[in-house]
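Each of the two complexes below includes chain A, the first together with chain B, the second together with chain C.
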Partner chain A sequence: MLSLASLSRRELGERLAGPGLDLGTGGFVTRLSSPIASVADGLHLLYGDYPVHPNGQFADFHVSLMPSPGLRRWYKPQVNFCYDGQPVFRPLPLDHAFPMFEWGLNWCVSAHANNHLIVHAAVLEKDGLAVILPAPPGSGKSTLCATLAHRGWRLLSDELALLRLSDGMVAPLPRPISLKNASIDIMRDYLTVPGQAAPVFSRPVSETSKGTVAHLKAPSAAVARAGELARPAWVIFPKWEAGSEAVLSPLPKARAFTGVASNAFNYSLTAAPGFELLGRIIDQCGCYEFRYSRMDEAVALFARLSSGLAPSAA
Partner chain B sequence: MKPLPLIVQVLRDPPVLARLSAADWDLLLRQADKSMLLAALGALVESHDLMGAIPAQARTHLDWIATLARRHRSGVQWEVEQIRKALAPLGMPVVLLKGAAYTMAGLPPGRGRLFSDIDILVPRARLDETESALRMHGWISAKQDAYDERYYRQWMHELPPMVHIQRKSAIDVHHAILPLTAAQHPDSAKLMGAAVALGGDSLYQVLAPADMVLHSAVHLFHDEFKHGLRDLLDLDRLLRHFGADPAFWDGLAARAAELELGRSLFYALRYAERLLGTPVPAAVIEAAATAAPGSLLLALMDQLFLRALLPQHPSCADAFSASARFALYLRANWLRMPPVLLARHLFHKAFLSPKQ
Partner chain C sequence: MWQVIPGQDLRQWGWDDEYVVYNNLSGDTHLLSGDAMQVLLALRAAPADEATLAASLQEPGTEADISAAVTEILSELDKLSLIEFHEC
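After this line comes the complex of A and B, so read on.
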């Protein structure tokens, strides 16, 4: 199948402004259209590895990012995220169009894909085993996820852990990683290593509801392996704390259960099947809290975790 | 007008489902979604045993919505039991209406029907008691504006919608099926007198078959066509279900006349037959036609209804769809109250009510 990189920036812009682009991410196809240049720029920069499906077949989500009409075309222009033609959210400033695309695509999945228990969590894989990192905003989840995704772990998702109700396997949805404020420069520095390809970030957008936001391109290998499922093996609640040693402490299963359930988008909706699935997953997983401040220590500790050594303080 | 939309073709002739390509499904699912019929489409595929015959992507979408439908169903059952706790002590029967009635009575329109409110009908004289009993059990009026309060209490056929303070579930308490200000006054005592117990239930009742069909018709043809196709499908399903018993048809037109709902029944039969191919005996059509409008008005109504009953999706629209919907919005309000009152109401909603 064609990848998005086979389209030039100009061809991409024409597709988006015209018939739409059938973009594959994980198990989903999104028919995307938008006349907005920053949307095409962001896709051109971050989505080169993703498949482009032939037009006019089946798409799961029909999405358009459209400038608000009327006076808003000239005065403080705005953008709407539309699902099958209808705006879903309040409009944002036009400059926020690309982050809005990313957030909106998360919404498409979390509001519909109810054959999964969908948890707000980062997920990564090594040797077929997945680590689930559920966390509220501000816990440093995305920073940790971006680090691990470039240090031996395969990125499954930065935002949405899709746990299949049928068998509890994690369905990968590797997409760009959303970084905020100070994390952007920290990760830019951390991932810039002599002799390796420089990390690719989207243009930072300031004054969003989350502060300044930039998206980091997902590793190509993770995108290429998006069809490979993984079995949950660890549930770890990360917490970044200034100056902290990397400490992994066991978490009682009952607390891990409620911690994951409270971060799930559709725990109540999936009812008994969701409850039973989460019970099985918590049973089969090692459950921990993880405190850290330095990336290298975190990387070392996670490497020991995956090699089966009893976890202990670094 | 354009050929019938895919969703209508499928509802008329479900075996068509087995012949649709992935690209057809791409459109069908969106038309169904806009009409609030996704879960009903899933139920249709299942009841015709066609899950294995449709593209995998479509099956996945139907699986997504089935999760929602299952949760909805158990949620409705739970709410109905909570309402029982509040109202059982009043010692009067409570009539479930519309979605809750279809679901709880296991009627065909209940399969895959998602709705947001539970509607009940109680005698007007017991309205205050009902309201306080629900308040005691955590339901509060969602509307706070003094104008809205007055709109409901003085002119409408229901209390201001009540929402449960913890569960956010909504209940509409009706004492009639049309506003007090409408020209027709279906007698609620007659409706409640004919209502039948839900299974062996001591509290809950549902309307008698003919009355249930008439209420469904009046709801559709006096309202604003937000989910026209879904409501027409309710009618189709009820007519096919109850119509299997020939005795059902005998008294239908007479009952409509008795409740001043002849015009609604006429429209219901006409458009269910035209759009969904609902089988209706010729004698019933003839009897209902005594309440038909004049031929000029009917020609206009055909133009409006046959557009507004289609899904509100660009693929189903022509140049006149938006005007048809707007005309029917005005008509719905016109039917609800006399013109002077209507002008006052629309003025208030446009200029004085606080914006959301």
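After this line comes the complex of A and C, so read on.
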């Protein structure tokens, strides 16, 4: 299977503007078309490790990012995210095209992959065991996820925990990690280590609905192991608080259940099977709330957690 | 008499005296205390009026009057459409 890195930037642009690119991410194939240079630039920068499938075979999602027609070609140009040829969101400024691709691809999965319970959560793995980090925006979930994904944990997803209804295993969907505002420079500094490859970020895009956003390239090893499932072992609700020590507090399991359910995209849709699945997962997991402010403390605490030591002693 | 609404499966998970209950008729999930779950399970076993229910749930050897608590729980479970009252 070819990887996207086998295409030059020019070849990638021609493929996107022409027949489309069948891009594999986790268990999904997206047929993507776009003549927009920033989309090709972002893919070229962040998606080199991902498989490119032969055109003409089955694709789960048919996506295009197209400039708005008419006067918008010249006056404040815009981009539309189209699914099966139809726009599904309000258009955004053309400069937001790559973040819109990332957000739109999240939507494709969260709106259609209903053989999973889909939770808005980061999820990482170590030794076959997954930690699920559900949290609303602003909780520091992605910052924590980016940190752990570069400090010994395998990135399964920054945004979507896919819990298979058939067996409760986590299906990986490693993709670039979305960072916002101050987190971008914080993570750029934290992940820059002398003697190691510099972290790769997309060009920051300002004045989006989330502020300034940039995407951090997923570790290559996580992309290469996207077919390896993981068993949920911990459910942890993170909360970044300025000046806080890293504190992991046990969370009553029934509260953890309702917390995960309220962060799930399709909990109601999955009905009784989703209820049973989530109950089994909560039953088998350690459930906690986690407050932190310093990355190294968080890394140390999660290392103790995964080694089976008392996490509160970190 | 109070009874569990016919058709309720009362799927449940419980930990540390808290329970989540799936209302298969509405699709909602409810977080219930251990006491509320006890009332629900008692009504699943057999419909009952308030006094009978309070008597059956009274801890042996205790004097405390739990009828007010049972009334409150019944009202909550009724609001959640898990139980219903019908005249005999």
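FYI, the second predicted complex is superposed on the first by the 312 of 314 C-alpha atoms of A that agree within 3 Å, B and C clash if a C-alpha of one lies under 4 Å from a C-alpha of the other, contacts with A are read in each partner's own complex, and residues count from 1 in each chain.
Following the convention adopted for this analysis, a residue touches a chain if its C-beta (ideal position, glycine included) is under 8 Å from a C-beta of that chain, and two chains touch if they have at least 3 such contacts.
Note that the structure is a prediction, hence the values are computed from the model and not measured.
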Mind checking chain B and chain C on superposed chain A, clash or fit? fit
Based on the superposed arrangement, let me know which partner A:L301 touches: chain B (first), chain C (second), both, or neither? neither
Output check: A:S268 vs chain B and chain C. Expected answer is one of first, second, both, neither. What do you get? both
Partner, of chain C and chain B, that touches more residues belonging to chain A: B
Touch check for A:G56: first (chain B), second (chain C), both, or neither? first
For A:C108, using the defined touch cut-off, is the partner it touches chain B, chain C, both, or neither? Pick first, second, both or neither. neither
Which holds for A:T258: it touches chain B only (first), chain C only (second), both, or neither? second
Of the partners chain B and chain C, which touch A:A130 in the superposed model: first, second, both, neither? neither
Answer with first, second, both or neither: which of chain B and chain C does A:G85 touch in the superposed model? first
Answer with first, second, both or neither: which of chain B and chain C does A:G279 touch in the superposed model? second
Minimum CA distance, chain B versus chain C, superposed model, integer angstrom? 6
Considering each complex separately, which residues of chain A are in contact with chain B in the first and with chain C in the second? 268, 271
Note which residues of chain B are touching chain A in the complex, please. 22-23, 25-26, 30, 33-34, 55, 57-58, 60-61, 63-65, 67-68, 70-71, 74, 313-314
In the complex, go through chain A and note every residue touching chain B. 29, 56-60, 62, 84-85, 112-115, 165, 266, 268-271, 273
Using the touch rule from the top, collect the residues of chain C that touch chain A in their complex. 9, 11, 13-16, 18-20, 22, 24, 27, 29, 31
Hey, which residues of chain A end up touching chain C in the complex? 252-255, 257-258, 261, 267-268, 271-272, 275-276, 279, 282-283
